[in-house]
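What follows is chain A paired twice: with chain B in the first complex and chain C in the second.
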Partner chain A sequence: MEREQNWSPVQGGAWLLRRALLGVATLLMISVVVFLGTQALPGDPAIAILGRDAAPDRVELLRQQLGLNVPVIQQYFNWLSGILHGDFGRSLASRRAVSGLLATRGLNSLLLVGLSAAICIPVSLALGGWSAMRRDKPADLSVWVLTTVLTALPEFIVGMVLVILFATTVTRLLPAVSMIPEGESPFYYASAFILPALTLVLATLPYLTRLFRGSMIEVLQADYVEMARLKGVMERRVVLRHAVPNALIPTVQGSALVLTYMAGGIVVVEYLFRFPGLGSALTDAIANRDLPVIQAIAVIQAALYVVVNLLADYLTIRLTPRLRTSHG
Partner chain B sequence: MNVVEVDRLNVEVSRTRARVARDVCFEIEAGKILALVGESGSGKTTVAMALLGHTRRGATITGGTVRLAGADILSLDRDSLRAMRGRDVSYIPQNPGIALNPSQRVGRQVAEVLETHGIGLPEKRRERVAAALQDVALPSDDAFLNRYPHELSGGQQQRLMIAMAFIAKPRAIVLDEPTTGLDILTQAHVLSTIRDMCRRHKVCALYITHDLAVVAEIADSVMVMLKGEIVEVGDKDQVLHRPAHRYTRSLLAAAPDITAFKASKGSARAEPLADKAKLAVLSGKNLSKSFGRLQVLHGLNFELRSGEVLALVGQSGSGKTTLGRSLMGLSGGCSGEIRFKGDLLPAALFDRSNDQRRTLQYIYQNPHASMNPRRTIAENVSSPFQHFFGMSRRDAHRRSVDLLAELSLPKSIADAFPREISGGECQRASIARALACSPDVIICDEITSALDVSVQASIIKLLQDLSRERGLALLFITHNIALVASIADSVAVMQGGTIVDYGPTARVLGEPRHPYTIELIEKTPSVSLSRR
Partner chain C sequence: MAVGTAMVALVIGVAVLGPMLAPHTPTQFVQRPYALPSAKALLGTDGLGRDVLSRVLNGGFSVLWMSLAATAIGAALGTTIGLVAGYSRSIIDDVLMWLTDVVLAFPQVVLVLLFVSMLGPQLWLIVLVVSISHAPRVARMVRGVTIEIVNQPFIEAAETIGVPTRDILLRELLPNLVTPLMVEIGLRMTWSIGIVAGISFLGFGIQPPASDWGLMISENRDGLILQPFGVLAPLAMIAVFTIGTNLLAEAISRSASNIGDVSPNT
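Our next item is the complex of A and B:
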């Protein structure tokens, strides 16, 4: 019954490789779905984009641009091999290469999500842990009420309230619209990030706070925590060495969920603040029926999901000896 | 000299103000072991925890004093209390599997006691941990110290807890049913380790248990607790052999004893089975089972006649439960021949007919986990009536209420949810659910090991009556040999996936032939055979 081996780096590498290959397979499947959902739909995408009354020669031109005159299978592989070479085609609206267009936008969004997560995750852990240790006391109850209220508010409303408070009516400390001129480094426009990031943080904070509070409460009641106390271990150490490491395990998956949620949430938040990122690029592209841009963003989002989930699973295994040392 | 002195200790549940310990007084001398006996809910653990100045969430100590080596524990401030725990008085929990931090290496968890109390020089601690592990016969190399708790067997985990409890050389140790989850051989090893360690280090111990046979094995004196009160205290021999209180006598009467069969059961129960011509209800021939590359059952043969109780005993991991589940056709069944009244049964449950499924029933160790928690007891019990006999909901409900009454369960149970009733009541209800199918064979998998002794005795009585009156055949899986003596007609002893000894109970337990059977019997603690 006893398992003796620890997880050697070789086994760990093999696991990661296997999961990465599965991730690639998932992405390939997603690319098929994205392609089917946009370009290969029954009916003519060119007409769908230009409208029914479009002149036939314009339709024909667009069909050529989109490569619609070859069989569907070949269209897919042309598109896919383009992506693998970093070529997502040309934007129909701006006539620029999609990859170039999205590079700066993507960087902005990545910074926005990264910043939000870097605030949200530690704050939720601190707040959730603090709350769990004061279970059923006034402090805990107020955290509970606060997180319930925040959960009930859509991020659109949260964002607008923040604009009213900090950018328009009440004070004018921060810009209401996040202007980052194209081609300039976003690092010079730090103030443009504050309100969108705050909105994303407030939207995801309640979930993670409650998740960590719940798992801390469970862990603080565990026999091994009582045992540590009965060994005379200091309360501080009981919490930091015995409770937190075990309570973190479910929180890793929760954090992954928060990250992917944020990646989707930028669509609303970026629209609200006119933040020049992937989310607003997507809303613009949909308004302009800019097919190549829509496809590119959908694939990028999916890749992000796959990578974040892979990282979360890897971390969970690293944090859980039972998973790390078993063979099956 | 008394190391522990407890005087008029009172503990209440804060919310309801119900007393869980009432005017408890006792003392323990250095090097002595005092056993605290009582059933679940009697307040044993509450009293034990008070020795460490600890109460579980929701309880408060409302009066009395606890002195440890002269210090008044209950009046200590938080820091002095903390400094004392683990150093002067330590604790060994019931279930080491959940009392060890799953994400910390075992060596670190032992060393933590030394670090916490600043005992010894940091560079010498590694040696001291190694010495403590050698004391309890555990390996002490780095590879072992670097393991995680789940990489240790149950017995190793418990010996690790013992090492952890003794490493700071405490004056007193509190043990909370430390062998309940262990099989007999492991239990024997752990008990002798505890006894040796206490003697060698002159440590006094409060040993909580509900198993009187264990008391006979380990204690110097015994204290019996009932509903928060101490009803009897005295020397071990006096309490076990000349009990003064009615409750102590009833506990002793309920305790299964391995020597019991010699007196009555052995010869009396063997007779009806002399009828060899009777066809077997269930038989297995050359049964084998593998999980992946690991073979867990190696060509087993057995026969079970109607009205017969066949006990399947062995250590954990010997394949008892695997055999039971394979007979049911669970986890894909096994290879070999399973015959029911002479007809071949398909190996896998999915290939069996409804009637074949009905006739074999299974009762689990944990009654609460095997009942649908969202249905009342009557609803749980009535589903076989509807499923196998096509009864209407109403008729099925009426029948199940009747059946519950037949098993002497109170009327109110029918409409209760599983979590609202006790383990013993719930186990009776699961027996009712099995009976609702009108089976010919019931497989009972450790069905009493989670229950108190008196409840266990009543369940055993119920099963005996059922097998006699209805001609039910029982396959009784257990690691408790003492129990076998009081219920089984025949015994199959399993070791490493094979049956090493098989025959009538009187023969197997009375004149054991296989060395493993002999060892099992020798290591089984017994009230009437108290050694030492």
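Our next item is the complex of A and C:
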């Protein structure tokens, strides 16, 4: 952001177009990274999947199945054009179309992340705002201690602590394993979501809480807030009408980060709770060396980051009049 | 600061000296599986009848060296990219920042898993990919600070009298980055521990029968109802380690108030 003052003022639309084009370039580069990391490695992917002592005819069959008998560059473009048409190939383990697997698993994960974000965002805003209003008082310090400890802990540690507390050793109130039978609606299995969602919330809550706390403290010291106070506006109104709306703007980007962070967090959290989502599909696929599934999930994960961030940038511009009209 | 240092020192002590203090070898059968703590096995046994205490004492070194190495390489890589990008004030900056964005798009665990998936669970590969996933995060911080400094008169003066670019980067800019870098390294270390232990937890890191804290949690969680210490002990070690490094980062950042708020998630 620092250098942007040097740029000539551009309209929001042109800026957005530039960002969107950059986003497309990033997506292309992501596909290259995924392809290089899996398929274009030195050595034969077919042998990597089947093992060194696999029968030559089985290797040859797999090579045909994966389309490995054409030059690497052409393999890449075949794969890319498949993705662009929504065709991620066939799973080597289940022989089903990858897109079908992604749809059922993806819905579960989407619900999990959506639920977690729907809890995390309002709770962190409340906690952060509450803490900012009581700056350096015991309440603020206890929030500081809580967030410092929680921030440090990896998700699987948080999740295991929850399992110990609520599902095994201490109490057995909730299931330690998230059972959602395939083909059944996840809405009937609400209890399967509680602990995984709580883990994701606790892992992301500290960041957003601190972000909003800092943002509120900054805004509460701003001239226009001081002005409102001097005019005799009631403190409650000063906070709700003048401070909060402005302090919320940075939390748009912050929430985007929380969402993308949760999208990565599901890998470990779903494995921990054996939750049938995209994250556990990825770990299963790696255990089975199921190349098309690995590629598809990695691309989706990274693409999500690009799209969510683009949306957050757009929203931030819409919400900040200063950025909407001049440079940005 | 003192608490953080004590916590980190405790974990490093256990990880380095633990193997010498362990009463049994980490793979030796001691007692029936999932036995509760007794004089024979102070923290009980795991699902294969191995001594939990001995496995905890032996299981820290892999987490320690891998996360240290990944943090060090990632910080060095990120600092170099950030310095060059911030100082160049040209298209090089735009290209480098775009490349960091490509790496940032992958959740760190997913990036590691992607490369492990076909090349297999090799420890050096995990260290390398974790460090690459840290580099953009360090680079962005370094670039930000560099851009602030680069317009100050002393840099201009150095350029005018013809100081070579390499010396400007290393002797004029780098010393100004020491404090924010220390904070960043503390945060990156916290994340490295989480990722390295997490990859082992998922079963794609160090392989059985070797002993490793992340792996132990995953191996012993099915026996939680019978014998909780097989999970609790390694879990406590990882938690103390990450909280310790995070407290250290926090303490450095508070003592140098001019750095501003650091965001642990980015």
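Just so we're on the same page, the second predicted complex is superposed on the first by the 304 of 328 C-alpha atoms of A that agree within 3 Å, B and C clash if a C-alpha of one lies under 4 Å from a C-alpha of the other, contacts with A are read in each partner's own complex, and residues count from 1 in each chain.
Heads up, the rule we're going with is that a residue touches a chain if its C-beta (ideal position, glycine included) is under 8 Å from a C-beta of that chain, and two chains touch if they have at least 3 such contacts.
All values derive from a computational prediction rather than experimental measurement.
A.B. asks: Applying the document's definition of touching, compare chain B and chain C: which contacts more of chain A?
C.D. replies: Of the two chains, more chain A residues are contacted by C.
A.B. asks: Is A:Leu319 touching the first partner chain B, the second partner chain C, both, or neither of them?
C.D. replies: After superposing on A, A:Leu319 lies in contact with chain B but is clear of chain C.
A.B. asks: After lining up the shared chain so the two structures overlap, which partner does A:Leu101 touch, if you call chain B first and chain C second: first, second, both or neither?
C.D. replies: In the superposition, A:Leu101 touches no partner, neither chain B nor chain C.
A.B. asks: When the two structures are overlaid on chain A, which partner does A:Ala152 contact: first (chain B), second (chain C), both, or neither?
C.D. replies: After superposition on chain A, A:Ala152 lies in contact with chain C alone.
A.B. asks: Contact-wise, after the overlay, does A:Leu195 reach chain B, chain C, both or neither (first, second, both, neither)?
C.D. replies: Touch status of A:Leu195: no partner.
A.B. asks: Based on the superposed arrangement, let me know which partner A:Asn246 touches: chain B (first), chain C (second), both, or neither?
C.D. replies: After superposing on A, A:Asn246 lies in contact with chain B but is clear of chain C.
A.B. asks: After the superposition on A, what does A:Gly232 contact: first (chain B), second (chain C), both or neither?
C.D. replies: Touch status of A:Gly232: first partner only.
A.B. asks: After overlaying the two complexes on chain A, where does the chain B footprint on chain A coincide with the chain C footprint?
C.D. replies: Common interface on chain A, chain B vs chain C: 2-3.
A.B. asks: Which residues of chain C touch chain A in their complex?
C.D. replies: Residue positions touching the partner: 89, 93, 98-99, 101-102, 104-110, 113-119, 144, 147-148, 190, 193-195, 197-198, 201-204, 214, 217, 221, 224-225, 228, 231-232, 235, 238-239, 242-243, 245-247, 250, 261, 263-266.
A.B. asks: Once bound in the complex, which stretches of chain B touch chain A?
C.D. replies: Against chain A, the touching part of chain B is residues 52, 54, 57, 82-87, 90-91, 93, 95, 98-104, 112-113, 116-117, 143, 146-148, 150-153, 164, 317.
A.B. asks: Given the complex with chain B, which residues does chain A contribute to the contact?
C.D. replies: Contact set of chain A toward chain B: 1-4, 6, 221-224, 226-235, 237, 241-242, 245-246, 249, 319-322, 325.
A.B. asks: Considering the complex alone, what residue numbers of chain A touch chain C?
C.D. replies: 2-3, 22, 25-26, 29-30, 33-34, 37-39, 41, 45, 48, 148-149, 151-157, 160-161, 163-164, 168-169, 176, 204, 206-207, 210-211, 214, 257-258, 260-261, 263-265, 267-268, 271-272, 282-283, 285-287, 289, 291, 294, 297-298, 301-303, 305-306
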